[in-house]
Amino acid sequence: MDKRVADLAAAVAGIEDGMTVMIGGFGGAGSPIELIHALIDRFRATGSPRNLTVVNNNAGNGHVGLAALIEAGMVRKLICSFPRSADPVVFTELYLAGKIELELVPQGTLAERIRAGGAGIPAFYTPTSYGTDLAKGKPVEEFEGRPYVRERWLKADAALIKAETADPQGNLTYRAAARNFNPLMCMAAKETIVQASRILPPGGIDPETVVTPGLFVRKIVEVPHPRQEEDLNRAGAVYPLEA
Amino acid sequence: MDKLSTNQIAWRAAQDIADGAYVNLGIGFPEKVAQYQPPGREAIFHTENGILNFGESPAPGEEDWDLINAGKKAVTLKPGSAFFHHADSFAMVRGGHLDVAILGAYEVAENGDLANWSTGPKGVPAVGGAMDLVHGAKRVAVIMDHVAKDGRPKLVQRCSLPLTGVGCVTRIYTSLAVIDVEGGRFVLREKPPALSFEALQAATGAELLLSGPVADLIAPEL
Amino acid sequence: MDKRVADLAAAVAGIEDGMTVMIGGFGGAGSPIELIHALIDRFRATGSPRNLTVVNNNAGNGHVGLAALIEAGMVRKLICSFPRSADPVVFTELYLAGKIELELVPQGTLAERIRAGGAGIPAFYTPTSYGTDLAKGKPVEEFEGRPYVRERWLKADAALIKAETADPQGNLTYRAAARNFNPLMCMAAKETIVQASRILPPGGIDPETVVTPGLFVRKIVEVPHPRQEEDLNRAGAVYPLEA
Amino acid sequence: MDKLSTNQIAWRAAQDIADGAYVNLGIGFPEKVAQYQPPGREAIFHTENGILNFGESPAPGEEDWDLINAGKKAVTLKPGSAFFHHADSFAMVRGGHLDVAILGAYEVAENGDLANWSTGPKGVPAVGGAMDLVHGAKRVAVIMDHVAKDGRPKLVQRCSLPLTGVGCVTRIYTSLAVIDVEGGRFVLREKPPALSFEALQAATGAELLLSGPVADLIAPEL
């Protein structure tokens, strides 16, 4: 069992036009910059993949990572909770021009919908968003006298994930708050693609400390010194990055 | 001038947080509350993006951008902290495991409705974790200026802006008052001693009830 | 913030007649023998607590732990997935005599119902048990052409939990497959009571390896050399144990 | 004698497990399948109680009773294993992340219905994880004797015992045959060469279809 692939290009090779792609991260923490850029590289070389639906908490920042993916014109629709940030100009302009679709989801509902997708739960009830515009058109039901909104699972064709360590079986750990949506997205995608800062030998991760068991992971590529989106944006970086 | 500063509003809200309470502070203004924990009391702060028991901001240049709060500000860890993923984080929120959530607001209605995520159809909408927090924490409090910048009341009979949550707010700390929501009405608890009830009522968009004594709202210089 | 209590008796002092109590463990792994025995001690001294509803995967084994709790006559109803085992004679006799109530729940549904209770999800849909006797009377709905059964959350007044390490804030780790239902039950109970083999100083548990964050825990008591149910049963042990 | 032993049935089922497959083996008889993985192929075994990539039983006296499988038997770990809680474990099951689940059965019907948890209202009912497994794994296979101890067919038109799952079984490995469920019918894939189709049909409670060649069911001595 060895889920390692040769390079970033091989890692993202299976992502096709029209797919739904979950991308880990909350702001810059846990955002798989190198995988995203490899996907843009392919698009610039081949014109594909395009018309992607992307699931992420945010809408990108600056001109790297998710923002660069949007800027390249590869994203048809974004499913997220908070498309505002210090510099979301790329998304904002396209959105206000009607050129990108937005499905706004409360953050906890987004997390739970992704977890439900991974856990085989097609629908669940939550108090979140009851009585608000974001509950419009959704079934409502009372349990023990309190109203709840029914929400559906969210699944993806692929997930791009940033991990701290991996082993060849695909077991993963994360770094600090870079964990966020990453473990959930690993569960909810058909093809979970991971960049890890270090790939350890089998048994290199204590089974007690594995956060994502390998069964949720399809491909791993080692990216020894990953760039951090926040650092890049503070330095004014723009895709493509210098090596 | 009897109007509390934002720091003083945050200070006042902090006085109601019990020792050992689990607390979520909204992005921006509510984050200030953490600075004013009363001596001898220790609150444990939760952030939606997966940290329990984080502490102050690091010194400039010392930031680790993988160690941030929900407002994407760099934080530090206290001993006994924990990391967890977003579904576990919102299990804490939705499951009623937080003692207090303190949020900002555009409007709070006398029935406890809160509007704090959207100022209308213009621009890019963004909701974050606010809709989850208002239906999860055991106590949902708001801190805000008593009136908007243009002087219009933020405490209203019914919210005119898109709702964040229905009947969720139980206490509001403003620059001019501490107000509880009880039985679908605003009940005044505290006001600055030099501010008349009539003047306060005039700055408030719904009737203020008096139920029991009104304490003096006094905060230290901050 | 210090959730340590003086002893086992203090740990279980809040459990009252008629309460629903979740008890961690799968078979003998992760079963909090010492907490259970402290509860029986109190019952023998005071006649309380009784009429308990207990949630556990199993129905106890031999004459220690959960089996001893049932044998003492403290349990009115059991919610579990697998009340058969090598020696469940205590439960079996009471059940066949109509003296204890059983709610049988598929194991994955039991786990998910407990997690839902902890996560504020009042109901969810699962394919599990569709078309079987265990789905009788439950709402069924189709999603994407497949039928699902609606299940409700499960919560408890108290949970008895066995952990490996704890810190004073209540952060927990477990030992191997003794983890099982324990982290879920921590989430779903009003008062989560933990016995830990070691209590470390604050910061003694790496925040990356915490399995149960302290917010889910109310009381901790150190039990340095906990007994293992399987070992006890293989030795023919019977409650009360010799010290 | 052409009837396969239980070891041989387990061996036959093991031949269909691909390299790298994630596999859950039911309690009891199905656990034997792990012993017969073909050389060069590595399956990763999942157990409901929260272990991925466990290995063989330890030597007697070496057991760690916190390291057990769903059948409460002591196991060992392979390099690259992981522990997780029960909700995550059944997220793996229900979420379709297991390639194969292999279970025992009292009865399998030609429509794929499975009865393997209850022999009726007598005694103490116990279901465990079977109802979750049958609606979760990508492929649900059954291994069992072709007929019950009293000679009655276990392959039937409709199950008479309480169901574990509806339309969930896709392949059955018995002591006399390998049978697929396709379009609500049993399709014979393999039988021992010396056993006539007629004799096999006589031991089967529903019609066996022939669709394509029937291979010889031959297992090594085990």
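We call the chains A, B, C and D, going by the order they appear; numbering starts again at 1 in every chain.
Criterion: a residue touches a chain if its C-beta (ideal position, glycine included) is under 8 Å from a C-beta of that chain, and two chains touch if they have at least 3 such contacts.
On a predicted model such as this, the values are computed, not experimentally measured, just so you know.
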item: Intersection of contact partners for subunit C and subunit D; value: A
item: Separation of subunit D from subunit B in steps, with touching chains one step apart; value: 2
item: Computed distance of Cα centres, subunit D from subunit A, in Å; value: 36
item: Inter-chain centre distance, subunit A versus subunit B - centres from mean C-alpha coordinates, in Å; value: 30
item: Of all residues in subunit C, the ones touching two or more other chains; value: 112, 115, 119-121, 126-127, 174-176, 207-208
item: Touching two or more other chains - residues of subunit D; value: 51, 83-84, 87, 90, 93-94, 135-136
item: Chains that touch, pairwise; value: A-B, A-C, A-D, B-C, C-D
item: Residues of subunit C defined as touching subunit B within the complex; value: 1, 115, 117-121, 167-169, 171, 187, 201-203, 205, 207-208, 210, 213-216
item: Residues on subunit A engaged by subunit C in the complex (per definition of touch); value: 112, 116, 119-127, 141, 143-144, 146, 148, 152, 173-176, 207-209
item: Contact set on subunit D toward subunit C in their complex; value: 47-51, 64-68, 72, 83-87, 89-90, 93-94, 113, 118, 123-132, 135-136, 162-166
item: Subunit D-touching residues of subunit C, taken from the complex the two chains share; value: 26-30, 57, 59, 81-86, 88, 91-92, 95-96, 102, 104-112, 114-115, 126-134, 174-184, 211, 228-231
item: Of subunit B, residues touching subunit C in the complex; value: 20, 22, 42, 44, 46, 51-53, 77, 79-84, 87-88, 90-98, 135-136
